[in-house]
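Worksheet for the structure shown next.
By letter and in written order, the chains are A, B and C; residue numbering begins at 1 in each of them.
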Amino acid sequence: MSPATRWDADTLLALHELHADYAAALDARELERWPGFFTEACSYRLQSRENFDRGLPLCILAFDSRGMLQDRVYGAKETIYHDPYVQRHVGGLPRLLARESDALVTETSVLIVRTKRDAMPEILLAGRYLDRVVPTSEGLRFAQRWLIFDNDLIANSIVDPA
Amino acid sequence: MSPATRWDADTLLALHELHADYAAALDARELERWPGFFTEACSYRLQSRENFDRGLPLCILAFDSRGMLQDRVYGAKETIYHDPYVQRHVGGLPRLLARESDALVTETSVLIVRTKRDAMPEILLAGRYLDRVVPTSEGLRFAQRWLIFDNDLIANSIVDPA
Amino acid sequence: MSPATRWDADTLLALHELHADYAAALDARELERWPGFFTEACSYRLQSRENFDRGLPLCILAFDSRGMLQDRVYGAKETIYHDPYVQRHVGGLPRLLARESDALVTETSVLIVRTKRDAMPEILLAGRYLDRVVPTSEGLRFAQRWLIFDNDLIANSIVDPA
């Protein structure tokens, strides 16, 4: 592995904090915090591995700006009628794919467990984040966060961002 | 995020070792090691997220001293008749919520997978630890470890500490 | 815990990169990369916890050289007819058991989630890696990687290395 794709401890710690805070916001269902993890222009996608690997464009969710993320939060909290559930993100530390002049490109495996009332936890999504993280005046932010999930079958629907 | 809630590498490493050793003791069913991870006066709770969020007092387990933890270990090993199972803790690195003069307050997501004989693994608990960790002459110890679990439904019963 | 079994940040980072790269290769089904994570003479085992704890020799897989690993890759990719699936490794950071003059002995919990077409993800294996990692001119490599899994029951068969 080339030196360009080795972690230093400070960078990995900063990225760990970003990932952990992102997961905590969603797991606590503080959805209004979600758009703030992204840059103003950004790319968020939730796409099946099958479509990603074949280069097919269809995604479950695909947003290109913080405004679109805010719109989704409004939808998830105010307009979609669904069986309530909570999420739990469990994942590893990121793997550094490339260190660009202004960005870190990383891949991170994740399991998202969903729990409904009076039901056992179940794996909603198994997959990996493909991220492009950039420094901003407010700290590290996602310029890209694509969640590519292994399971082309989704149990019911995805309401909250993942 | 304020500097007060940023990790330094040494502290995170020390906390990782504490978490990993705690999980390894329980996963190997070395329950007699469990009380030693806590301070003499301590707070251990296993509580559903629903009760925690509403401020309700009911817990599955709630102990206030190392002696009570030792009593539970005796119960789990010597008195409770149950279908045998083993645990597997998988979790992330802790998220630092506050750095007090004498303690670290952290939150850490965790999945606990239970496996019985001749059965597939299943998710027993999905949740998060809310910890207060203090330095002692024997190393870092839990003054508080609350496991708040998302699933208000428990498959059968919880016997071993989690 | 003795100083001999404390992590330093650089060593833990290097080991994290090895683990993450290993998992990524298998999860992307780049099986031809798998033997390269091991030393020429090596020990790879996939064994149930029940057999491991009782000192019984039977393993699901047991290989003693990189050549045997290459043979298994050929078998998995070219000769075994099976229902397609993908893997997702999610695990924690390693726990350092011993630091020998030429090797690190570690234990790392892992969940391996399997996803088949048109099916929900399921936990294929819950267990822990028992590793012996050595430095080589090509970087850190596994002289030993034993995956001891809690579930003595396997759903169908294990085809790909885990």
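Here is the rule we use: contacts are C-beta pairs under 8 Å (C-beta built on N, C-alpha and C of every residue); 3 or more make two chains touch, one makes a residue touch a chain.
If you're wondering where the values come from, they're calculated on a predicted model, not measured in any experiment.
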Subunit B against subunit A, contact positions shared by both copies (same if over half, else different): different
C-alpha-based rotation, subunit B on subunit C, 0 to 180 degrees, nearest 5: 120
Whole-Å gap separating subunit A and subunit B, where each centre is the average of the chain's CA atoms: 27
Set of subunit C residues in contact with two or more other chains: 9, 90-93, 111, 122-123
Interface residues, subunit C side, partner subunit A - complex: 9-10, 13, 16-17, 20-21, 23-24, 27, 86, 88-93, 111, 113, 115, 117-123, 139
Interface residues, subunit B side, partner subunit A - complex: 1, 6-9, 12, 49, 90-93, 95-96, 107, 109-111, 122-123, 125-128, 150-153, 155
